[in-house]
Structures are given as structure tokens and as C-alpha cells.
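Same chain, two partners: subunit A is paired with subunit B first, then with subunit C.
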Partner chain A sequence: MSNPSKTTEVQTFEPRIVAFLCKWCSSAGSDLAGVSRIQYSANATPITIPCSGSVSPMYILSAFNKGADGVLISGCHPGDCHYMEGNYLARRKLYLVKELLQFIGLESERFRMSWVSAAEGVKFAEVVDEFVEDLRVLGPQNRLKAER
Partner chain B sequence: MVNVEEIRGYAAGLLEKGEVKSVLGFRRGSASAFAEPCTLIEASDAASLVWDPTCLNNLALYLVKDRKQQAVSKTPDTRPVGIVAKGCDSRAIGVLLQENYFKREDVVVIGVSCEGTGVVDPRKLSAKLKGRTASRVTFDGADGINVSVYGDGTETVIPAREVLADRCLECRAATPTLNDVVFGETVEARGYNEPFHAAKEAEKVSEDERWANWEHHFDRCLRCFACRAVCPMCYCPECVVDSTTFVVTLGTSAEEKANRIRWCERSANTSESAVYHLTRAIHLAGRCIDCGECERVCPVNIPLRLLNTKLEKEAFEMFEYQAGHDIEQASLLSSFRDEDPNSFIR
Partner chain C sequence: MPAPDDWTPRSDAYFASPLAQGTPGKQCGLAATGDYQPSLRSPWLAAAATVDVKKVARELAKDDGVVFSEDYVYMCSDPGQTAVIDAIKDNDLNGMVISCCSPTLHEKTFRDASELGDLNAFQCEIANIREQCAWVHSDMEVATEKALKITRASVRRVQHNQALEPIGVPVTRRALVVGGGIAGIQAALDMTDAGLDVILVEKQATIGGNMLKLSETFPTLDCSQCILSPKMVSVSKNAKITLMTESEVESISGFVGNFKVKIKKKAEFVDPELCKLCDDCTPVCPVAVPNEYDVGLTNRRAIYIPFAQAIPASFTLDEEACLGLDPVVCGKCEEVCDVGAIDYDKKPTVTEEEVGAIIVATGFDLYGMEHMGEFGGGRYPDVLDGLQFERLCSASGATEGHIMRPSDHKVPKEIVFIQCSGSRDPENHCAYCSKICCMYTAKHATLYKHHVPDGQAYIFYIDIRSGGKGYEEFVQRSMENDGVIYLRGRVSRVYEKDGKLKVMGVDTLAGRNVEIDADMVVLAQAMEPSKGTAEIAKILKIGRDKDGFLAEAHPKLKPVESVTAGIYLAGAAQGPKDIPETVSQAGAAASKVIALLSKDQLAHSPTVAKVRDPYCTGCEMCVDACPYDAIALVDGKASVNEILCEGCGSCVGVCVRAAIDVKNVTQLQIHEMISAIMA
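Moving on, here comes the complex of A and B:
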């Protein structure tokens, strides 16, 4: 009956997360999680950016368009921005992006933002783990994904 | 009531004295009852100006076009342009001034208050008339719009609520706040619908239903870019989703062609159209003044205004920001407050 060459186990869904990490904090935070040997999900693809304020909404739409199951944007805590106010501007801009994505009916859990400082390796691991768990429940993102 | 003779007289005066090089206004169009935009050069042309509920267009678009023309002209006429502006048009001019697209002295705003009504929605009107063509549409007192129907010469009074454009039902500022002169009475809210009514209704349905609706809309999009062409805020020389300045010549290498950044493809499929419309909505956040032109010109009836008013609503509720109300204020996305929402961030 069954083809022996085919694996019988059900292929489990592994969410793919695109994580835009601020060079001055979250990127170092993820590094700290690594050097501290904290075990956390390997589903996030980190992309270092100069500041969370430099995130264009196009990055997010483009990531979803190219098949990301979730997009995480992580920057410095309010008041700690290397460029003084980049994260405040990001907060306002990305709030609007989040609302817009929810408005057209993309699952609200798929876009997430966090403040992670360079000292918060544990928090970074938690944020990613939590995100992966939520995305596993949701399943693959097909709404904004390009058919190609 | 707005006396159209006063508008004509004022426009003629401006043109006669040579204070403006032209006046943008509305004249009787050739297609049924609807007015069409026109540019007046001579004072004697001013008699052709009209004002009725069919003056749909946002004339601020032509100020942008004039500015673009001036930029490439060798002998630009730097005199100001006069413009007949409704409440929404004046907000559009406000945003353009805020963004320093042109200077205050480059424009003479002939404000016209929409008073108790607004402009009609051509789709609602034709649905009401069941296929007949309206030959004349006039304001009629407090809550009616008078429609003369072509052919049998009958007049019908339709309650304004049933034929007014959605944006006019939700309008919060019917009187042009930015103006050099205003005709008509000052009226603010008109109480047909609460502000952002349509966006609030669209929010109420479930996530899956919302996506089903928008997928259906994005799927229909032809990518004709009419919404972009008609928008006075979409003045970028090159659009991020539709780069036209990448010129492929004999010297363009395959690598250059391959590495060119394409945020979204030009093909009209659901996912690419979604990227286009969402990008456009974000680019208009804090700039869209809700003139509803994008929705009006859409050949496939995509409710584009919803995307923009949703962000307008968030900007108003969360950041107390209203586009085009104050030309001195910092733009929505270049400013922040300490009390901006933070709870959505972990």
C-alpha cells in the first residue's frame, strides 16, 4: 500500500519569521542569547537594520509577500534610541501598519513588535519562542503571499 | 445658499486684475448633468463657472500638475493660481502647503462651503434613477437634492442622505478652513453619519470575513493606477511600486536588470495588488484628506477610501492628528508623543 520511499510521518509546519533587529540593541540582544547558550526556536531569520525607525512598511509587506509567516520588529526601549527618537517614530509608524494589516484581515498575531535591549538575551529568546508558538497555532500565512 | 454669480464675479475680478494666471473651477460638462473641471484664463470665461452637487473633482490635483509643469518650463509663469475649493479640496491644499509643495502665495483659494449637503455619488445616483440619465442636479433646501431627469423632463427630489457620496455623509469640515474668501455659510459637521462611519462598520466583521472581502477587492484590481493618478497627494515623480525611471538601454547589463529592486510586481494578481494598495494607504497616512477621489475613479469599485479613512481614524483617535487642518504642524509620521500607544509592543 504505502510507498516505502515516502516518509509516513506528517510533515510538521515550521513557521518562518523575518526579524528586523536594531543594530544597537536587539541585534546585540540576539547575539547575547546566542553566546549565553539559551535554547530557543531557530525559526527567525534576523536582518540587522540601523534603527527600528528605519523600517519601511515596504519591508513588512515585502516579507509577507515573499512568504514570511510572521514579521518581528525589535528595537531599543523608548528613551534608549541611539538616534534619540527613531524608536518613537517607529512606534507610531508601525502602529499604523499593524492596524492596517488587521483591517484587511491578516491575522493580528503575525506582526509583532518588541523592545529588546542589548542586555536582554533572555527576553529575546522568550519573544521568539512565544511568537513561534502563536504562529504554529495559526498555520502558514497564505493571505499576502505571492503565488509563484 | 451659495450664489454662483458671486463666485463668477470674484474669479473674473482676479483674472481681470491679472492677480492670478488662471482659475481652476467647474463648468457644465458634456456628459449628462455632471460638471467637469476647467481652467479659466480670460475674465470673460468666468460666466461658465458652475456650482452644484455634481462638482465632484478635487481640483487640488491640478495645482500639483501646474507645479510640475512649472518645474520643467523654461519660462514659468509664477503668478498664483486661483482655485475653487470645497472643504476637502482646501484640506488637500493645506497638506500640500504643509509639505512645502508650493507656497501659500502661489495659490488663491476661492472657498465654497458645501453647507448642508456635499456632492453626489454618481453610482448612487444612477442606481436611484434606474438607468435614466440625470440632466440637472441641484441643491434643494435642507435635506433634498433635486434631480431633473433627461428625456421626460420630470423633477425628482431625492433625500440628500441617499445620493450623497460616503465621504460627504461623514464630513467633519464642510467649510474650507484654508481660504482667501469663502462663499456660503459656515457649516461644520452635518450629522448624516458619524465620522469614520464606513471604516467602523468594516471593522466590525470578523477577521476572516474582512480578508474575504479584501481578497475579493484586491483580486479585481486592474492596476490601472487611476487611484494614484487622481490623488493630489500622490505627486511623487516615481512611484515605489511602479518604477518608470529605470530605463533599459543597450548598455544595461543583465545583472542591473536582475538586481533592480522591485517591491511589487506589475502583474495584476491578488498579492501584488495588495502590496500596492497597502503601500499606497501607508504613504497616505496622515496625508489623505478624504476627498474620496480614489474610490470614485476606480473602474472596478474597490472601496479604497476605507483603507485611507481607517488610518485617518487611527491618526485622529490615537495621535489626535487631522490632516490638512494646520499647515504649521509637523506631519503625522515625523512627530511623536510620549503617550503614543505602547501596549502593543512586547
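Moving on, here comes the complex of A and C:
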């Protein structure tokens, strides 16, 4: 079963991730990771948004369409949303988006949602590192990538 | 070798760009900061973060729309900001990106600078290449690549930023204070001095909080109730204060300057206006329950007054304990009350109040004695916590200030105090130092000697923390004048034997085991956030720290602000504190509120939702999704109330036709940013 060329591929493949971070929690959490000088992989490029609830499913599809290997949405812990219930909205949507991705033949694990508070710098770094490792195994995403 | 924190980030590179394609003649400036070169002065940093900012500036200069792109060291400095302003003017910029540290640090700095250069503040954006990049990646090539993406995404975004003006909203010139301890009382009084109306909500039957239970206070030993009751009376006599006891905040809506708060008040079975404090009622009440105001040392009736000094000055009826709510069973107190102040049919009320700002002063509780099994906490009646000891010493306590053992009313001749009980023990209890117990233990030992001159007091301590004006001298006096024996070391166990409490400890300075046959043991229990702090934090949407205390917005520069605009913190709810510190913080919080509410209007962020009319079909998905009820249908199309809108974008997330946007974070802008990142 073991395929040596596959192993090397997993090791060298650098997944590209678009990370939507809620301004009130996860973006602040990633700032804390910075202030604490916690090192993690550089594969995820952040876009700070007002709330995880503001993410339209179109953003996720657009990122995959433009060639992202993974999309991360990170918001406040359930019950802690700065805007009261935005993250609940986000959670409900996440489920639907996952179904949709599966339906169109994309591994739903390429889309991940996490809850990282402003105090969780370490957790933020872990979330990114874990996602990168999982995506390395999945390999490049070509299903939704537009020909350019 | 120089210390790592000797390193100062050589911040600031600096770029600029022409604006949006298709708007010829207009220019877009862009500046990046952060010369994150490995510094030889900083050994650990050399291995860490690096971004080649010069390269970022060079690459960005080639991008469409960028007319100016440069790197600059220390861009937040005065000359740095001047360079920004000059760049805006010289290039007639209509957009700017500063690529530097987190926007939480310097977004305001550079937006202010933009305004000085005649560029609208909302056309300046920050790209964070420090906390989110340079400081977390060690490979220079990789980090520079990512910094380039982050900056490029911001440039693409700013090319579509609109010039916006803050929205003015009227303010409600009233404040709410939650918690009526010394912190809440002081804050309320200070705010009324400035002419504000205040609603003071206290969940217990009297204001005063824990300070009302204290006997005398360090370091001057003035009587706690004597200094507190005049303030409590001022609260009750102050026409600008609406006092609501036995009340709690149920929910909150709105935002800074315009909060709406629902307050639930328990049924007021005894009318405080009618009650004349005759005390005819308590002798007839058949119920006895532990008196929480005496920390369980005595019992009280179901109808009772917490303290003689209670404010409101009225008896009160404990709903849970009372039998008379079922008139068939009891009803005795109503019969004897000749002014008819008692009415068993009263119901709880919920009122809605409008306030512009809130101060949270919900205080502390002592860490439960039941956690201290090894010291006999909660097991032996003569092992007390600090507050119980205060009640024993207090003239208003059950023993009228005579120190005696709860078990047999004998005067204790040997007494042991154990400091740091439940504090500074991350494995088993609270990790933090409770800060005030060194001082109150010295006070307890001193008070003990004043009451029992022939007795002996021992104190087990780890070290003595007596930072504060006159505090060290106070501790020294307890040793020298009152012969208190301080033993440096821990106690391993306390157990009962032959009517004594055997205290097994060590004296690490003398290097020997110590065994004391004590008559009483007092544990300096850790202070913890009061019960219900988690709930109130959740209701008000303010954060808590790792120990559960309310979190300040910045540990150094914003010590009385919560993370939510318009909500401030005071007293022991924010962390262990003594009275002087509590009063200072309460005054600081009050002056923040006074400053906030001194304005006629507050600036509301203009980055609110905007409907793209032609695409809206009036499906009302956004109306349902909006947590602020800011969207309504007008002529079949969604319409945003800009004053209510907080710009959260919940509507954007649900609109299937992409017919609604948040200004300056539009869907077009997000797609542009994604393209920039994936290019």
C-alpha cells in the first residue's frame, strides 16, 4: 500500500488556506499568538471580518474557486458572540455548506470551523497547524478550482 | 547578553498606490511598516519572525493602482506620521494601507493621520503583518510571501472603500450600577455629583456588600460600618439615585450611550416606606435559618433586617424561608404589623430602564471552606474563614465583638491563622495571590490581641505581601507590639483531638516541625469572583479572565474599561482588592462614565449595512437574522436603521441574493481580497 512518491508529496505539498477570522475573538486570538511569539505554519492567510455570522457561503465557494485548498472560519465560542447570536447563525450555515460541498464532490474536511477566543493564542496556532496537516494528506484541491 | 525585551521592533515600512482601477486621476496611498529583520541584539528573535519589508514595498509598488509604496522605520512616531500625511498630500491619495502591527493598536493613530492629510479616515486600512505574520513565522521567505498577500489583500480592499462620516447618536444621560458594595456605592455617588441620574441594582436586601460585614479595617483600624454607613445613607437620601435592592439585571440590549436594561425585582412583601423598624414581627416568626449576613454564625427569622444599618432601612421577608406565603400555614407577622407594611400577595416586577453607560461592581465571595478539607474547613465549628472572624470581632455581630468559640463559647487562648488558604496553589486551588489576606490576617491577629490580651496568635505564611501606604508598618506593629508569632511555612493538616485543634505545620526558617494545640483556626481564604459573575458577564457580554474575574480591556492602559464600549468595571469583581483600591477604581470608572455622557451625541461607526435595492426581493431573511432589529421592510425592500445597526453582517451571511453589504467590508471587497490572496 505504501507509496513512497505519495509520502514525499504529502510532505512537500503546501496547502493554501483562506482564513476568515472574527475581529472580536479569533483575530484577537491570533494577535495574542503573535505577541506570545507562538510559531505556526504560514499556510493560512487571514481575512478579518466583523463576525463569523457575516460569512456568506459564497465566500467559501469563491475561495475554493480561486484555488484554495482549504477554508477556515474561526469565530467566538457559542454563547460568546459579540453581536449576540452571529456565531449561532454561522454554525447552522456551516452544516449546510458542508453538505453542499459533499454534494458537489469536494471533501467536506476542506472547510473547517473553529471557536477561538481572544485569550486563546495557543489554540489558534494549533487550529492552523492541524488544518494544514490534514490538508497535506488530502492533497491539492482541483474540484472547484477554475481553469485560469 | 542583552535581555530579549530590550529589542524594539524597528517598525514601519511604507507604501502607496493609485486608487481603484477605472477611477483615473485618483490616487491610492499605501504604507507598510515593520522592518522585521533578525536582530543580532535579540538572540531569541533571530530565530523568530522575519519579514523583508523592503521587498514587500518594492513588490507592491508594481501593483495596479499603487502610486506610492515605501518602507519606513517607526511609522507611528511623529516623523513617521508626518511622512504619511506628506505622502497623502503629495500624491493626492484617495486610499491608503498601512502594513504594520495589529489594527487594535494603531488603526486609530493612522486614521487620525489620514484626516490630517485630508484623506477620509475610513479610506485608511491596516494590514497586520506583525502579530499575524512576522512574529509567528520564522522562515523569512515564507513570511515575506504571506506579508505580501496580506498587504495586497488590503490594497484591493481599500480600492473600494468609501469615504464615510461617523453617525451621531443621542445619548441617555443616566447610568446603571450593578452591585451595591463599596465600589458600586462610591461610583454611584461620584456620578450623581456630576449631575447624572443613577440606577443602583443590588441583589441582596441591603447595600454595603462585604465591607458591611467587616469589623475594623487595616491599616488604620477604623470601624468599617462607621465609615461605610454615612455613604449608604447618602445613597438612600440622594434624589438622583434610584436604589433597587433584591434586584438583578435580566437582559440588556442596545449599545454605548443607549442601553436598554431589564431589571427583575423580587416581590417586595414588606413595604419599606411603611416599615417603622419596630421589630414586632421577628419574635412571632417561627422560622430560623442561617444568617448569611453573619456568614452563618447565627440564625435569623424569615422576616428580618440584615443589619441595623441596612439601606433600605426596612425589614424584609425571605420568600424561600417564609411559611406565610401560604396563609393557611402561618401569617403571624402580618397580624402583628400594626402599620400594615406586610403583604404576602406581592409579585416580582420587571422594569425596563434606559441608560447610557453601565458600571459592573459585583464584588467577591470567599473561596468555599469545603475545599479546605486538610485544614478541617467546613468540618470543625472552630475553624473559621476570614469573614466569619470579622463577624466575631464586630460589635454588630452575634457576640457583640467578643471573640469566642462557636462550639462552646469559650475564649480561645491559642489561635492559629493560616494565610494563602486556597490561594497561590495552581494544582489544587486558585493560582493567583488574593492580595489582601496578608493584611487582613495581620489585622485579625492584632484585633485578637486587643480582645484577648493574654492569648497567643500564630500566623503561618509563605511570604508577607504588604505593599501599600502604611501596610508594612502595620504588619511590623502586629509582631512587635502584639507579640504575634509569624511562622514561615505551610500547614499540612488540622485535626481535632481532646477538644483542641491540632495544627501540624513547619517552620522553614527554623527548620523544624511545629505542632500547635489551638482553640481556634482562621483560614485566610482566597477571594474569588462573586457567585453569578459568569452569568452577569454573559448577560452584559463582557469577558472574564482565566480566574473568572471580569476582564479589563487592557491590563495597563484600560484598567476600568470592559471590552464592550460603555461598560466599565469597579472593585473586587475585576480582581482581588482592598477598600482603598476599590474606591479608587470606582472613582475612575465613574469619571469615565461622566466623560462619556458629557457629550450630546456619540459617534456611531458608519460601517453599517446597506441594501443594494435593485437586488432585494423583500424575502425578509435579513430582517429575521438581524440581532439588533435594525432592518425592516419599507415599500417591499429591506431598509437599515443606521443608528441601530452595529455592522455585524449577520444579514450579509443570510442574503441569498447578495443584496446587502456592510459598508467597507462589502462582498465585492471580500472577493477581491480572496483573489489577492490566491493570486
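The working rule: the second predicted complex is superposed on the first by the 137 of 148 C-alpha atoms of A that agree within 3 Å, B and C clash if a C-alpha of one lies under 4 Å from a C-alpha of the other, contacts with A are read in each partner's own complex, and residues count from 1 in each chain.
Operating definition for what follows: contacts are C-beta pairs under 8 Å (C-beta built on N, C-alpha and C of every residue); 3 or more make two chains touch, one makes a residue touch a chain.
Here the structure is a predicted model, which means the values were calculated and not measured.
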item: First (subunit B), second (subunit C), both or neither touched by A:Leu138; value: neither
item: Comparing the two partners subunit B and subunit C, which touches a greater set of residues in subunit A; value: C
item: First (subunit B), second (subunit C), both or neither touched by A:Met58; value: both
item: First (subunit B), second (subunit C), both or neither touched by A:Pro78; value: first
item: Partner chain in contact with A:Glu107 - subunit B first, subunit C second, else both or neither; value: first
item: Which superposed partner A:Val122 touches (first subunit B, second subunit C, both, neither); value: neither
item: Which of subunit B and subunit C A:Asp31 touches, first, second, both or neither; value: second
item: Touching partner for A:Lys93 - first (subunit B), second (subunit C), both, neither; value: both
item: Overlap of subunit C and subunit B interfaces on subunit A (superposed complexes); value: 58, 62, 85, 89, 93
item: Touching residues on subunit A, where the partner in the complex is subunit B; value: 57-58, 61-62, 65, 78, 85, 88-89, 91-93, 95-108, 112-115, 127, 130, 143-147
item: Subunit A residues touching subunit C - in the complex, by the definition given at the top; value: 16, 18, 24, 27-28, 30-35, 37-42, 45-51, 53-56, 58-59, 62-63, 66-68, 79-80, 82-86, 89-90, 93, 118-119, 125
item: Interface residues, subunit B side, partner subunit A - complex; value: 199, 202-203, 207-215, 240, 263-265, 269-272, 274-275, 278-279, 281-282, 285, 306-307, 310-311, 314-315, 318-319, 332-336, 338, 340-342, 344-346
item: For the subunit C and subunit A complex, residues of the former touching the latter; value: 44, 48-49, 102-104, 128, 130-139, 142-143, 145-146, 149-150, 153, 538, 541, 543, 545-546, 563-564, 607, 625, 627-628, 646-650, 652-655, 658, 662, 665, 667, 670-671, 673-675, 677-678
